[in-house]
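Below are two complexes that have chain A in common, paired first with chain B and then with chain C.
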Partner chain A sequence: MPDPVARSEPYILFELAGTSYGIPSRVVQQMEMVEHITPVPNAPPFVEGVVFLRGQVIPAINLRERFGFPKAPYNLRTRLIVVRAAGRTVGFIVDSAREFVPISTETIQPPPEGIAGLSGHYLAGIATLGQRLVLILDVEAVIGQGEAIPTPI
Partner chain B sequence: MPLFSRRSDNALATEIAQMRAQMAQIVHSADEVNRIADQVTEGAAAQSRSLDDMVSGVNQMAASLKETAGQAESVATSTEELVSSINEMAASTEQVAGNATALATAVSQTAASIQQITASIQSITQAAQEMAASATEVNGAMTEMASSVKGVAEDTETLRGSINETATAIEEMSRSVQGVAANADELASAAEETSSAINEMAASIEEVSATAENLAASVEETSTTIEQMARSIQGVAQNANRINEAAATSATSATQLDRSIRSVAALAKQADETTRRVARDAVEGGSTTEKSIQGMGRVRDAMSQSASVIREMGRRSAEIGSIVDTINLLAERTNLLSLNASIEAARAGEAGRGFAVVAEEIRNLADRSAKATADISAIIKALQEVANEAVASSNEGLRVAEEGTRLAEGGLEALHKILNGVQETSQLMAQISRATEEQLVASQSVVSAVNTTAEQARQATVATAEQAKSAANIVQAVNQMRKISQQVAQAMGEQGRAARDIIKAAQSTMNLAAQVRKATIEQAKSTTQVMQAVELMRRSAANTTRAMSEQATAADQVAKESDRLMRVIAGVTKALNEQSAGANQVTSAVESMRRQADQVAKAMAEQARAGKDMHTATAVITRQIGLISRANREHSTVAGQLLNGLADVRRVADRNAQSAREVRRALADLLAQAQTFTGVMDRLGGNKVK
Partner chain C sequence: MDNAIGGAEEPFLAEFLDDYFAECEEHLVTIRRGLLALESFVDKPRVDQSLLEELFRAFHSLKGMSGMVGVRSAEQLAHQVESYMRLLRTGKTALSAAALDTLVEATKLLEQIIAARRHNKPEPAIAEGMARLTALADAGPPAPAVPALTDFGPPVPAVSAPPVTPLPAPTPASAPIALTPEERSQLSAALARGEQAWWVEFTPAPALAQRGVNVNEIRSRLQRLGELIRATPNITLQGGISFIFLFTSAAPEATFAAWANDGVRYSAYHEAEPVGTAAHGMPMPAIEPAVVSSEKPASEPTVASPTAAEPAAAPPTAVKPARSAETIAQPAIVVRVDLARLDSLMQMVGELVISRARLEDALRRMAATTTLTPQWHALQEINLAMERQIRDLREGVMRLRLVPIGEAFERMQFAVRDVARENGKSVTLTLSGQTTEIDKYVVERMLDPLLHLVRNAVSHGIEAPAERTAAGKPAQGRIALRAATAGDAVIIEVEDDGRGMDSARIGQQARAAGLISGDAELDMAGLLDVICAPGFSTRAEADLTSGRGIGMAVVRSTVLELGGSLSLWTEPGRGSRFTIELPLTLAIVDALIVSAGGQTFAMPQPSVREVIEVKPSEVTVLERNELVAHRGSVLPVVRLARLFGLPEEDAQSFNLLIVGSGLNAVGIAVGRVHGLREIVVRAIADPLVRVPGIAGATELGDGQVVLILDAAGLARLHRERIR
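Moving on, here comes the complex of A and B:
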């Protein structure tokens, strides 16, 4: 049954301000615990700074800040998800990220017309996982808005 | 005789016969006078005897009065003792009141009792005021007596004046008699002298008669006075009876008082026992409280131990928490690694499928591990909360235990205070018992004093009865005297008539009674004697006047003493008022002692009532004694007056007797002269006949 299999894709699920989000596993380069962030002068408020991973210097974006949620302190469950999209590598700081789930593309619906605006632009769709609702993030849109995201490379 | 003619001889014979007849008449009259003089002498003797009787009766009465006065004094003394006993008792009662004041838990009814005592004191004050009034009465009586004494003194003065007049008259008479004796012709002057002597005698008889009338009047007065005295003595007897009754009432009151004091003593004993029981309970409570303080200390120790144990447990659970955190970190890292493995496996495609499965299992294990550590964290957190609560509870328990200890110590202190209070109460109860003992002694002396008063009153009654009897004797003697003096007056009247007859006879023989001159000389001598007697009388009248003035001075002194007594009574009244004010203060002070010992109060009320009765009885006794003393003083005054009157009577009677003797002597001389005269006449007649 290549069909159903071919039409499902693994996602990394993460939590942000009580909501579950999903990003495709293929854009995720690696995941880390948030340990040491070096602040960068004149960066936009949602950029916490840069981290040095596997020989790369990566900007760390606070998604809470980016999505207009209040900031929260880091803890044991805070994660840095390193994604590579549109030729750029950035790190997303999220509340937690613990699941690696295959989601069938059939279950992903486009975002409703009502939620236009800023958040609407970042969503690729909404998936239902059992009883859970998972917002599928449009990673390229998040990165590609590219207002002031430093691009070290 | 050649000198006489026959006719003139005849005429002479006739004159001689006439003279003889007149001589015979004179002799007859003289005999009659002699007889009457005998009667007078007899009467005077009888009067003297009856006067003796009377004097002895009066003396007896005076002695009896003195005895009565002594008894009244001893009654007064025993009344004073009674009063002092009552005062002592009052002082003792005050002491009890003072103790009651100090006793914080004393009786409210005591206040009512003390108010009753206050009322009783007020009634005593009234009694004292009555006493003062009675003293005022005594004072008035004294003033009256003094004025009466002064009246007697004036009478005596008058008497002395009359005696002086008499003396002057007698002196004049003496001079006249001497003039007659010196100048008269032998016969004529003798007759004249005889005649004048007879005249003088008649005048003297008239005077004696007047004196006898005065005597009768004086006897009448004396008899009236004595009757008054007898009535007054009857009044005294009635007062003595009333004193007897009052003494009986006092005795009953004293017995009641004694009984009530005994019941107070019994109640005080009961209160003492109760106090002892309270003290025992307080001691037991103290030891129980000490035990509970010790238990509290043990509780505190245990609490602090358990608090430290719980703190240790909290510390350990914190350690466990840090271990759990480490486990949690490991679980998170495991999860992270498995996720990265899954990502790599997905990227490897089909080749990584098996690896992906392993990575997922690892992730599942890590998740379970994380879940378990989360559970452990929750449990440890709850445990720590419980431990904190336990520590807080232990601290609270510690605090409560300390507070309990403090409270128990406070209770112990309070118990000590109670114990002290109970001991104080016990001491006060002992003082009350002692005071009650003293009251018992005082009431005993009150009873004995009252009995003494009753005995004295009885004796006074007996003495008064004797006095009444002797007064009756005196009345009898006075009546007899009255009769005798009336007889004397009658005899004197007869004597006067006879004297007038003599004067008639003497006038006709005046020319012939030459030798009467000798009698005149005798009379002059008698006059001198009379003058001596009058001088004596004058002296005794002066003495009497002096004695009367001394008596007046004494009466003034008595009045002064009476004033002083009034002042003393006023002082007593003032002191009683102060006492009353003090009692009022005590009443207000005792207001606070509301809650205990109704029975004591009742007993105190009985006591107060009995004391009040006693006070009333004492006041009655004092009043009665005052009446008796006044009556006694009046009696003494009357007796003195009576004695004076009797002395006057005796003097007058003596004078009468002396005059009667002189009349008799003069008559004897007259008879001798008459006989000589008759002899001369006979000789004269014989010569003529021859």
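Moving on, here comes the complex of A and C:
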């Protein structure tokens, strides 16, 4: 963060299975329409495949699959959010993404203990935007755990 | 830009444009080199004539060629530079530093215009550059170096009736163009030397092109014979394209009369209406075929001369101008080839490889069903000879792609000079290993990254002269650019003896930007990671130099993409060195494009010994193994689709890619083999998608990722599965 005293940070909001999520925009490199994704055999199931991004081959993670939601077919609103974290570049496939909002750091609460499901592991916090709840993703956790999952052979 | 020749004859034009770009590139190389050399003559009373001559010729050719393809802005710029060079050449003005800068700027502008044309992008505005050049030329002596406007009378045609009726300009595209003062002076000078002026029209045709007769060829023929004053594209009455040259030569007419079969027509040049220049069009379209007009113009000069008391009267053949001799004296030992043509050549070789594989297959089948006859052995012998020959051919074509890195290095000279000037630095660039050969594609991709590293070295690395002197260093900074081959790799180094990098400060900035955490001091690799992070800049504000660069992030990703690596050494006060290691050939490999389970894969050809077609009935199942008999032994079958969990197809037959040797040989079963392609190998770096059996990724031109198979990895994976 360029300015440590900033009280708010821009976030990219996206939708997944009817819920709003946010990722700090500083880790977002770009957003793309989902075009052809080449499946990679024997990769973890939540990895949809690979795409080219500026000459680099990057994995595309299906966040629905990652969070244990049923998969949904791609449509015109489906987006690939390219994030860069921990020295890696990874794409997230989400239902839709269009909002870019500043979220003040005070409104972000730590995730409640009782939150169930897989996505609980991947949350950095929960923010309140007016009436709306926005789940803030822990990007490193989302892309990190895949390494621990052994390749099914 | 006017669209004078757009559309009409696309194939010709496209081909011609390719040549145009290639030739422009050559002239620009000469120009860059020349301008650098010119620098040592700044403020000297006299500039080296041969250098000026070379530069002049390069600009002149650029102008002519640009005119021909209708790139008017480049034509105008080059023309303006030429005018100034003429002043320099005659010693009417001295070369100032500002003038040299203007020339450098104009050259850059030319590069941009040509690049814009090449990539169909909007051209940069030239008004400012033109204005600066004009100011330069005007700053010379008030009397222009081209006083020719008046002393060029119409000596020839005034008397003898023109053999060819001047027609109005054929179409608006080649609208009436009067000769410029320069062209006039060139013309009158040539006539004064006793040369004859001719209009020559060349109409390209596919049949001619096949024989190698294209507009460039004609153009160089003319240049060998004399001086080209103007070259213009023209839309013929039939809507086709032709090129019209005005040129002067002492060569006898019979020389070009003999070109009638090469699509060349010509007529003597004469000023149709000496006074009414406004109506003075190009008297071209009615030119008769070369043979027809052959007798008349030859006698013309002699008939004409008595009236005008001019030396032009000398019969053309009597005066042999030195110029034609000297231009002929340069034999072309280098052939320019478009990379795309090499690629298609490579593809054809690939098809040949596959055809031979089929031949071998047929021979084998024959051997399996019939007793071996002497004829079979004769065929087999030919087949084996072909295998060797095709391999040599393939290697030969691959070698064609290798180019010395020197030319790329020389461009850096230009950049260094430029950036040093902008930043008030004094720098010398030393080059070594220019003859190191590297794949053309790799060189082209590395140009911008190298440029960036060199610029960075000047603007960030090298200190200001005063600072250097204070530190006990020579005031002039040194940057070394080296290339060398080491085994299968090419190593390129960019080293400066500047201030080095302050790892503590960079670490601090990186922490502030959230790029790294922890307090540990950055090591070289960490430092490199930080400076290559997207958006990271060590300067508080983007200066001019770094602002237009591509960034270290792109430098690194380009190197990685080409299958290479980038490393850094730096020491405060002593300098920095970037080392780029690129695979000589590894980044580009031939691969069989295959499909299995509905997905396309690429299998590097070097790993494949053989491709055979197999029917399901030929497969023997032994417990969990599938085997086929091949060349007297059994070959385990590795079904790619099954290994990869893809739907398996029921087909009449499938292909086996035989990889490995001896006991390790396996046949990888794929559905179809689509062909052999040259692919660029890209690494798959992310752990999420680094899976056994996949060596990397490539794309085949549609932007989609195609996975590259790893033969050894597949065999290993297969063994684990069946165990």
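Definition applied: the second predicted complex is superposed on the first by the 139 of 153 C-alpha atoms of A that agree within 3 Å, B and C clash if a C-alpha of one lies under 4 Å from a C-alpha of the other, contacts with A are read in each partner's own complex, and residues count from 1 in each chain.
In this section, a residue touches a chain if its C-beta (ideal position, glycine included) is under 8 Å from a C-beta of that chain, and two chains touch if they have at least 3 such contacts.
Model, not experiment: these values are computed from the prediction.
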Chain C versus chain B on the shared chain A, clash or fit after superposition: fit
First (chain B), second (chain C), both or neither touched by A:109: neither
Partner chain in contact with A:26 - chain B first, chain C second, else both or neither: both
Chain B versus chain C as contact partner of A:128, first or second or both or neither: neither
Which of chain B and chain C A:41 touches, first, second, both or neither: second
Partner chain(s) touched by A:98 [first = chain B, second = chain C, both, neither]: first
Angle at the Cα centre of chain A, taken between the Cα centres of chain B and chain C once the superposition is applied, in steps of 10 degrees: 110
Contacts of A:10 with chain B and chain C, given as first, second, both or neither: first
Per-residue contact with chain A, leading partner among chain C and chain B: C
Superposition-derived minimum Cα distance between chain C and chain B (Å): 8
Doubly contacted residues of chain A, that is, touched by chain B and again by chain C: 26
Chain C partner contacts - residues on chain A that touch it in the complex: 1-2, 4, 26, 29, 35-36, 38-44, 47, 49-52, 54-59, 61, 84, 87-90, 143, 146-147, 151, 153
Parts of chain B lying in touch with chain A, wherever the complex brings them together: 325, 328-329, 332-333, 335-336, 338-340, 342-343, 346-347, 359-360, 363, 367
For the chain A and chain B complex, residues of the former touching the latter: 10, 12, 25-26, 28, 30-33, 76-77, 79, 97-100
Interface residues, chain C side, partner chain A - complex: 512-514, 529, 534, 557-558, 560-561, 599, 643-646, 682-689, 691-694, 696-697, 699, 703-707, 717, 720-721
